[in-house]
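Next come two complexes built around subunit A: one with subunit B, the other with subunit C.
Showing the complex of A and B:
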């Protein structure tokens, strides 16, 4: 039985890696600018430029971003012991939205400023939520959820005010489009810092994976196992949030990846260990990369990527849920 | 764990393929809907065609030329179509009470010549100014101070109370002004019954393209007894366009990318008002293939693939010509390489929306794309004449 499980795990992991590689390559040669391998090899400078400053960064962002969202989603679900937990629980998404909206409204819709605004907004939200919960007398994970809900609604209120003040024809349109998420404006210069932050956060998460698993058991048990629950939880959440914030600050809000990917991983291999973390990330990559390919090629215009992440992910998840055995 | 995994994997693949398919089919509509719903625009001409269709369906023949002219007077005394009379002296006089059909297809009885008017939409406000009705305005739409035409043509209007925006209309504020006539954008359909409950006479307007604007001009000409001036205004625009058509006959049409107000990567497809601006000016809209009825987002790649000869920025764009010229992603684009990046002048009105002076936008663009056929001097002269004649000021251009 054990060796069977191990084979299954390795099998799915290998399949996911192959799919990610396949999606990556396909994504490199799919887009509005006519671009083939022949053009690149022939040394067409314009084609090369499009490839290296637009197509490649966009693909990398989709794969890395999907991985980050999927892995972070797993962490949130573990730490909060709640299958519905997502970055929103600690107010990250709404904080990032409010930050992006503020940048659009008060600075300009220049992508770099919006990215910075979203990053700062998301970070402020999570620091506020975690700070509040640390100050609260009760230290259960319920406190964090409550603090997160409060910060989330606060950020939503700020966002509402900003939208109200925005010019419907200009800033409001930018804000709404940002909230729907898209990789259409990803360029080489925009992804450097966010990817570094994302990678740093992921390394921390993978290093702390055992502690995360301990956090997912009952608090008393965790304490018995010698883990400083409160501090560890803060550290883990901070790392996961950094990952999410770094991704969404470039792409805008992307729904469902963080929720769907970890569940899909767990349903595939029917366990919740390190492999699930890896597989969750990889499923996220496939989902986001696939969704982005559709977003850029289904219609003449660019479509918001979130539409496709849920359209692709939801039926798959439902199938996994319905299949014999289901959730264990 | 005694299951056949090969079979399950196959099924998975099938489901994945199915959901891919689903995504491909369902995605577009979803996206359009989302964009439409989330962005409540004030700008006409950019309006969703879906909305337009729905409105037309429900009102039958609403907004056709004859209806909007509203010639079925209650007494049956009015027969002529005022739109045909381009000679102001021969213009028909409106005899009140009169029944007109507004742009939602509603039949509205106007009892007497309105002496006080509230206009809740910038296009109808601008049109009323052009019809010489600014003295009768007692309330206008919000954010009027952001539109230079008011301070240029009738600064007094800026002191008037605001009755809100197309999103939120101030019912009580409007009622407090007790106007003889209220003009609201068709988007405010829901508030009309409430206004009528308050005993107000309401006209809904929907000037989304040139044709609908013409109908609106005729409608307000009848409603405010300024049919002659309305007819002259319409004729003026048509003459200018006819002159352009003559000047541009057989000319080569350069490719143009029109960058939207909110972002450089948003643009106008064929269904939008801005598309007609480009065609009238003797250009080819590179984004004509887009079916979207609202600003559509595109990618840098798409723009580079289109490689337009000219890039034109919307009048109220948030970014500058310099920022486009300096964008390193665009360095290889023909328009940027040749420095052919311009912004539609916005110091008077947003000519890329169907305001009365919107033809000036076409004239300007023609003078940019084809200076040899239509010179910048001709454009300047046309603008000066137009705003002197209809708005009583000499524009600085």
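Showing the complex of A and C:
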């Protein structure tokens, strides 16, 4: 029985890794500009340029970003002990949106500036939410949710003001487009720092895996297991949020990956341990990479990637839900 | 005469002006189980929270050192949370595990106080956890989802977790509330056996006085935040115990009898109070 479970776990992990690799390769050669391996090897400069400045960064971002969102989603669901928890709970997404909008409005719509603005906005929102909850007397995970809701609506208000102030022809369109999320504008120069931040956050999360698991237990019980709950939760949430902010600052808002990927992983292997964390990340990669491929090839114009993350993810999740009710 | 394990002195404190514990003092001997009895809201859970140092209070809880030559006891109030976690383990009324995870992972949490921040449980520790589960008859459930277990099995998994913790003081909050009759007796007799074997001590709040009389070496009776009586079911004379229990339950009669094992047991009969409706029969708890 145990060995069967282990085979099943490794099987799904291996399948997911193969799928990620497949999606990665497919994504490199899929798009408006026809690109073949032969062109690249033949030293076609145009092909090389497309490959290295457009396809490669975009694909790397899709795979890494999806992994980050999926893994962070698992962490949020554990720490908040809520299957619906997502980065929005601590106000990251709306903070990043407000930051991006501010950058578009006051600086320029240059991608690097928007990324920086979104990153700072998201970070500010999280620090504000976590800081507020640390100041509050209770310090329970309920406090963090409340602080997050407050910061989220605050950021939404700021965003609304910025939209009102924006020039509807150009700036407002840029803001809206950013909020819808796309990997269209990903270039090699833009992804360096965000990927580093994302990787650092992920390393922290994987190292603290055991602590995260204990944080999913009721507070008093966790404390009597010897965890300083307040501090550890702050650290874990900060790391998870850094990952999300780093990804979102490059891609714009991407809905559902953080929510769907961990659930899909859990339903596939029917357990919630470290394998679920890995698989959650990998499913996120597949989802985002697949959605991005569709976003750039379905219509003549680029479509927002969030349309396809939901379109791909939701039916699959529903199928898994219906396949066999609940856990065994 | 058994040695003292825990000395609780002058515990006071609570939730503002509405409710407070007032000057609770008692001691727990090594290898024994202490039961807390009292009506809802009498302060049982509050007292347990204070013992776990999860609630601010005045007064001290002193745990004797393991080494016989150590003179000074450990003042629980002054210990770091990691140190405390090694010495005291706690089984809540209903576990706070609401996210699904493998049974083995739940048990491995017991090693948290001895592991470094980034350290993982080693092979020996995994084996120890597996053995604890096997000892409690849960060998087949190692990789199961904890949430899919019955309440009785969950309680046993948490007991396995405290087994690997190897702590000196076990604190249980109403372990009888979620369990059916055979599970209650089974669970508590395992705990009593474990505590005796390890020379540790246990304190638990209970609703069922019958169960308390059966398993506990000492009963602490609480009413409105005060300690109103202390009885040792094995030695105290029946009328004395009846009077003490009467303070919290109303008039009761204790009947001495023997089970099939010929061991002396006490049955508690709850006596009808005059002002209650006359047509309701006597409630007998066995």
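Here is the rule we use: the second predicted complex is superposed on the first by the 325 of 328 C-alpha atoms of A that agree within 3 Å, B and C clash if a C-alpha of one lies under 4 Å from a C-alpha of the other, contacts with A are read in each partner's own complex, and residues count from 1 in each chain.
The criterion applied here is as follows: a residue touches a chain if its C-beta (ideal position, glycine included) is under 8 Å from a C-beta of that chain, and two chains touch if they have at least 3 such contacts.
Nothing here was measured: the structure is a model prediction, and the numbers come from that model.
Q: Go through the superposed model and pick first if A:187 touches only subunit B, second if only subunit C, both, or neither.
A: A:187 contacts subunit B only, not subunit C.
Q: Is A:300 touching anything from subunit B or subunit C once the two structures are fitted on A? First, second, both or neither.
A: A:300 contacts subunit B only, not subunit C.
Q: Looking at A:230 after the superposition, I want to know if it touches subunit B, subunit C, both of them or none. Which is it: first, second, both, neither?
A: After superposing on A, A:230 lies clear of both subunit B and subunit C.
Q: Does the superposition put A:77 against subunit B (first), subunit C (second), both, or neither?
A: After superposing on A, A:77 lies in contact with subunit C but is clear of subunit B.
Q: After lining up the shared chain so the two structures overlap, which partner does A:48 touch, if you call subunit B first and subunit C second: first, second, both or neither?
A: neither
Q: With the two complexes superposed on chain A, say which partner A:273 touches: subunit B (first), subunit C (second), both, or neither.
A: second
Q: Between subunit C and subunit B, which one touches more residues of subunit A when both complexes sit on the common chain A?
A: Touched residues of subunit A are more numerous for B.
Q: Mind sorting out which residues of subunit A both subunit B and subunit C touch, each in its own complex?
A: Residues 1, 5, which sit in both footprints.
Q: Quick check: in the complex, which residue numbers of subunit A touch subunit B?
A: Against subunit B, the touching part of subunit A is residues 1, 4-5, 8, 15, 31-34, 46, 49-50, 53-55, 108-110, 167-174, 176-177, 179-180, 182, 184-185, 187, 290-291, 294-296, 298-304, 307-308, 311-316, 319, 323-325.
Q: Across the complex, what residues on subunit C touch subunit A?
A: Listed in rising order, the residues of subunit C that touch subunit A are 49, 52, 54, 81-82, 84-86, 88-90, 92, 95-102, 105, 109-110, 112-113, 115, 117-118, 120, 140, 142-145, 147-148.
Q: If we count contacts the way the header does, which residues on subunit A are in touch with subunit C in the complex?
A: 1-2, 5, 77-78, 81, 207-208, 210-211, 213-214, 216-228, 266, 270-273, 327-328
Q: Mind pulling up the subunit B residues that touch subunit A in the complex?
A: Listed in rising order, the residues of subunit B that touch subunit A are 1, 3, 5, 8-9, 11-12, 15-16, 18-20, 22-24, 26-28, 30-31, 34-35, 38-43, 46, 143, 146, 165-167, 260-263, 265-266, 269, 287, 289-292, 295-302, 304-305, 316-319, 323, 328-329, 332.
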